[in-house]
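Both complexes below contain chain A, partnered by chain B and then by chain C.
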Partner chain A sequence: MAITSIKNLKEFSTNNDRFEGAHTLCPGCAHSMIVRELMNCTDDNLVIAANTGCLEVSTAVYPFTSWDTSWIHIGFENAATAVTGSEAMYRARKKKGTLKDPNAPVKFVAFGGDGSTYDIGFQWLSGAMERGHDFTYICLDNENYANTGGQRSSSTPIGATTSTAQAGSASYGKKEKKKDIVAIMAAHGAPYVAQLAPNKWKSMAKGFQTALETEGPCFINTVSACCTEWRFDPKDTIHITDLATDTLMFPIYEIINGHELNILYRPKNVVPVEEYLNAQGRYKHLFKPENKHVIEKIQSDINEYWDKLQRREEARI
Partner chain B sequence: MAKKYDINEVEVWDGNYAASQALRQAQVDVVAAYPITPSTPVVENYGNYVANGYIDGEYVMVESEHAAMSGCIGAAASGGRVATATSSQGFALMAEVLYQASGMRLPIVLVVVNRALASPLNVRGDHADMYLGRDSGWIQIDAFNAEEAYDLTLCAFRIGEHMSVRLPVMVHQDGFITSHTAQNIHPLSDEAAYKFVGDYKGVDDMLDFSKPVTYGAQTEEDWHFEHKAKQHKALMDSRTVIDGVFAEYGKLTGRNYKRVESYMMEDAEVAVVGLGSTVETLRVAAKQLREEEGIKVGIVAPRCFRPFAFDEMADALSGVKAIAVLDRSSPGGAMGAFFNEVSAAVLSSANRPLVTNFIYGLGGRDFSIQEAKRIIREQKAHADAGHITTQIQQFSGLRGPKLGFFEAKRS
Partner chain C sequence: MSKGILAVDNRGKRELGADKLVGWDEVTQGIVLTSFEGDAANIASLKAEERTYSDFNSYTATVASWRVIKPIYNRDICIDCQNCWVWCPDSSIISRDKQMLGIDYDHCKGCQVCVEVCPTNPKSLLMFVEAEEIETALAQWPEKKKN
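Showing the complex of A and B:
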C-alpha cells in the first residue's frame, strides 16, 4: 500500500517495506528514512541504482541484500547512467514485446550521496539529465564523504570541519561555499527539481511522488543528517533536521520546468543559525571568538539565499 | 518493426562498417556509445541505421566512454542484448567499468578498434588498449582483417550469451589498417545472421519483478576470492563454447576459426607469433621466404587473446627451434607481455626453443613484409647457431641507437 492512502506516521511505520530494516547504516542515519519513504510512496515496480557510498555499502554485502526490488550498484559515479541504461532497455524491450509483464508500471530511481552527486559523479548525472531519460535521481546529502570517514565534499558548508578541511589553530574549517546543486539541476531544464527533508515527511513523499509521476529526468536533493560526522546524538536526527529547515540552512522548495519555484515550507519562527551550528560537533570551533565572523557569514548567506528564493518564487523566473 | 536492409552477397566494407553491420544484424537492444577515433564510424554507421529505420533497439549517445560502458551494464542487467565500440583513451576511461561488467557476468559485446595510448597523443593503431584489457575478465577475440571483424562480432554474441559462459566479449581489430581499409566481404543474409546469433535469453533480469535481483554487491576477504575464481573458471570453460561456435560458423560460411591460428606450421623449423593485422603481413613474408629462400617458417597467432590458449600455443610451437614473439605495445620496463605468455607456454613443453621478443609498430609505425622477412631470417640464424645470436628483446622499426636490455645467456 502506497503512502497516497496513508494518513499518519503510525500507519506509515507499519507499511510493508521493500527496503528491509536489516542493514548496517549507523543508528540515527537519515538515509534509511529517506529511502524507505521513496519506496513506500509508490506501488509501482522499481529499478534502483545506487552509487558507491554509505547506502550502498550498508545494504548489499554478499550474501545479504536489503533490497526487495531490482537493484544495481556499479561504481562511485555512475548510478544515473546505470539506471538510465536500464530505462533504455525497458523502452527497447517494450517496443519489441519481450517484457515479461509489459503493462506493469516501472519507475527508475538512482540514489547517490553528495560525494557522488556534487563531485565524482557530476558528469554522469549531468549527462543522464541532458539525455532526458524518464528517471528520478535522489541525492542523500549529508555534506561530506561519510562512507570514508568524513572528508570534505563540494556540498560541505563553510565553517564545518572535516578530515580533509580541518579546523585548527590556523583554520576555521572549510573555506568554500556549498555548491548549489538544485539550481544546477534546474538549469538542465529538468521538469521537476526539489530540495526536501525527512522531518517534513508529507512534503517529501509528495515531492517523491511528483518526481516519479513526472515524465523525464527529475532531481531531488534531500537533507540527510549524519550523526557520525556532524557529531550529534543518534536520537536527535529529526531534531537536527528540524533545526536545518527552521534556520533555513536547508530551505524546502521545488522548481518546475526550470523556472516555477515554489517554497514548500515557511517556518513560523525562523531560528537563528547559531542554534543549528551549536547542536553539532562539526561547528564547535566556530564559537571561539576568532571565528565569530564565520557564523555571521553563514547567517548572512542564509538570509540572502532565502530572499533570492522568495523573489524567484514571486517572479516565476 | 525495422526496415529491411538490402545486402549483397559480396560487399566492400572496411572493418568499422563490417562491425556495425554485425551489430545491426544481431538486433542489439541497446547500444550506449561515445565516439572516438578510429572506432567512431562504428557508432556513426549504427546511428545512420537508427536514423533510417533499420533498428528497433535503443541508441543512447552518452557523454563519455565510462558512461557508455556504465549504460551498457545497466542495460545488460535488464534482460537484453547490448553492444558498443571504443578505442584507446576511451577504452582506458572505460577500464574501471570493464571489470564491473565481467564481474557481474554480463554478456556485452565491445568492438575495440585498437589504437595507441597517450602520452604522446597518437591516433594510430597499436595494441596498448588491447593489452590494458587483458586482466579485465573479458573474452578477447582478435580479427586480423575486416571480414574477420564481421564474422567474429557475430560469433561474440553467441559466445558471451551462451548459458554456460555469460561473460562480456571484446572483438579487436587494428585501428586504420583494418578499421579503415575496405575489402571484399561475404556477409550472411540478415535472416541467416540472426538465426545464427539467436534470440537473447535473459539471466537475472532486472525487469523481471517477480524475482528481484541485486547486482553489484560487496564482498571482502570472506567471498571476493571465490567470486573471482568462479569468474576465471567461467573464462577457462568458455574455450569449449568458443570452439563450438567457431565450428558452427564454419559450417555456415566455410570460414573456419580456431583459438590459435597456425599457418604453414606442419614442417616449420622457425616461427613468428603475432597479433592483429600483422599476422597477414607475416603470412605473406613466410610464404615468400619459403619459396625464395627455402626457410621452413610458420606463423602462429592467437585468435583468442583471452582466455589465452596456453596448451594450443604450446602444441602449435612444439616442433620449432626458434621463435620470435611480436609485441605491438610498449613493454613498460619488462619483456613484452605477449612474449612472456608465449614463452611460458613453450616452456611447459618438452621442446625448449630459442624465444626472442620484438617490440614493433608502436603508434602505427609501419611493419613491412621486408622487416618481417628480416626477423624470420634472424630466427633461422638462431636455429642454425643453436643459440640466440642477438639481444633477447629488440625494437623493430625504431629510429636512433639500437636498444637492448636482456642479454642471451643460453647457449
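Showing the complex of A and C:
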C-alpha cells in the first residue's frame, strides 16, 4: 500500500495531483478540495465511481475528463453499485489469474452527493455495505440537491431555506431534522465510518487513509460547504467550514466496527451556532424575531447530539 | 516561475465550452475517454510536466476567462506552509519539493480561497484585477500590519 506522508502539509504537498483543473465546479467549491485530498493521500491506483451531481457533471464535460484515474459514471443512484461490481470483477479475475498486474495495489472509491447518498441512492449504498465489498464510499454533504438548483434533501438541516422548502411568511424553511447517515452506516456493522471536514485537513487525510487501508466497506460523510446554495462569498469556504466544526454543527468523529466511537476534534472554544447561521444566506430569515425558536432548537439539538457522542465514546457502545 | 512547469504542447489552447457544444443525442453511449497517451499505470509518481496528457484531459483546457480578479504571489514573504496548495479547489497552486512556485493561471478561477488561508503578514497572495501586471502588483505590496 503506497500511502502518502501526511506528517505535515509540506510533505503532503510533494504529491502529484491526480484531479485536474479546468473542471467546471463553482469557484470556491469544497467538493474539489475533498476529492483532491482523497486522491493525494495515496499513490495506489484508484477505481472511482461518481453518482450524478455537481462533482460528476463538472468533471466529465464532454470531451474532457478531470480524472487521472479509472473513473466511471452510470446514473444518479448507483456509484456504489458500479464500484462494487468493479471490485467483485477484480477479485474474480485475480483468482482466475487473468489480471495483467495482479500485484498492483488498487483501491475502489465511490463519491456521491447527499441527495444521492441520503435519498435516491440509499438502497444501492445500503446493499453494497451489506454485501461487504472492499470499498470506500465518500458522501460530499452540501445538504441540498445543488446541481439541480438547491432542492431540499433528507440531509438539509432544520431551518434552512431551499427551493422546495422555502422560507416565507408561512414557513421558516425545512421543518424536518437532518438524517443521521453516519449512525445508519455504522449500524450496518461497517469496519470504518467517519464524519470529516476539509478545514481539518490532517484528520481528513488520516480518515481517508484508514478507510482505504481497511478491508471491507467504509463510509465517510464529508462536510462540503457550497457557496452557491448556502449563499456565502466563495473566498469564505474554509472559514464557513471552520464555523461548522467549531459550533459542533458538524462534529468530527469516527466509528470503528459499529461501536468504537472516537471524537477526532474538540474545539477549544465552542462557538454559538448563531455565528454559523448568520454567515450564510440560507439561514438569514431565522434572525427575524418570530423565528428565534428555530435557532434555539438548532442549538439544543447540537448540545444534545454532542452529549450523546461523548457518552458513546466513553461507553464504547 | 519557470516556464518548464507548464510546458505541455497541447496545453491551454482550448477554452472550456468554446467548442461547439455536443448535444446529448450526439454522444455515443458508453463513451470512454483516456486521460493520457500510452500507459498510465504509474501516473501518481509523475509530476505534471513529466506526463503525456491526452487532449481529453481537462488539464489541457483553460477556464481563465471565468476570472475577473486574480491572485498574485509574492515569493519574498511566503513561508511555504502549503495552506494555499491544500485548499485550492482548482489544483492551481504549483508546488514542487515543498516549495510554492506560483499560480496556474489556466486553471485558477479567482475564488480567493488561497488569499484567505495565507497566514503571513502581509499576505503572500493578494487579489488584483485581471489586467494587473505582476511587477506593478509586487511594487505596491502592502507593508506588514502592526496590531
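As a convention for this text, the second predicted complex is superposed on the first by the 303 of 317 C-alpha atoms of A that agree within 3 Å, B and C clash if a C-alpha of one lies under 4 Å from a C-alpha of the other, contacts with A are read in each partner's own complex, and residues count from 1 in each chain.
Here is the rule we use: a contact is a pair of C-beta atoms (placed from the backbone, for glycine too) under 8 Å apart; a residue touches a chain by one contact, two chains touch by 3 or more.
Owing to the predicted nature of the structure, the values given are computational and were not obtained by experimental measurement.
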Which of chain B and chain C A:Ser126 touches, first, second, both or neither: first
Touched partner set for A:Gly85, first chain B, second chain C, both or neither: first
Which of chain B and chain C A:Lys235 touches, first, second, both or neither: second
Which superposed partner A:Leu9 touches (first chain B, second chain C, both, neither): second
Partner chain in contact with A:Thr65 - chain B first, chain C second, else both or neither: both
Which of chain B and chain C A:Ala30 touches, first, second, both or neither: second
Touching partner for A:Tyr145 - first (chain B), second (chain C), both, neither: neither
Touched partner set for A:Arg93, first chain B, second chain C, both or neither: first
Touching partner for A:Gly75 - first (chain B), second (chain C), both, neither: first
Common ground on chain A, meaning residues reached by chain C in one complex and by chain B in the other: 45, 60-63, 65, 67-69, 101, 104
Touching residues (chain side chain B, partner chain A) in the complex: 29-30, 32, 56-58, 60-64, 66-67, 70-80, 82, 96-97, 100, 200, 205-210, 212-219, 223, 227
Interfacial residue positions of chain C with respect to chain A in the complex: 16-17, 19, 22, 27, 31, 33, 35-36, 40-41, 43-48, 55-63, 66, 80-83, 85-92, 95-98, 104, 106-113, 115-117
Touch list for chain A against partner chain C, complex: 2, 9-25, 27-33, 36-37, 42-45, 59-69, 101, 104, 198, 201, 234-239
Touching residues on chain A, where the partner in the complex is chain B: 45, 47, 49, 56-57, 60-63, 65, 67-75, 77-78, 81-86, 88-93, 95-96, 98-101, 104, 106, 123-124, 126-127, 130-131
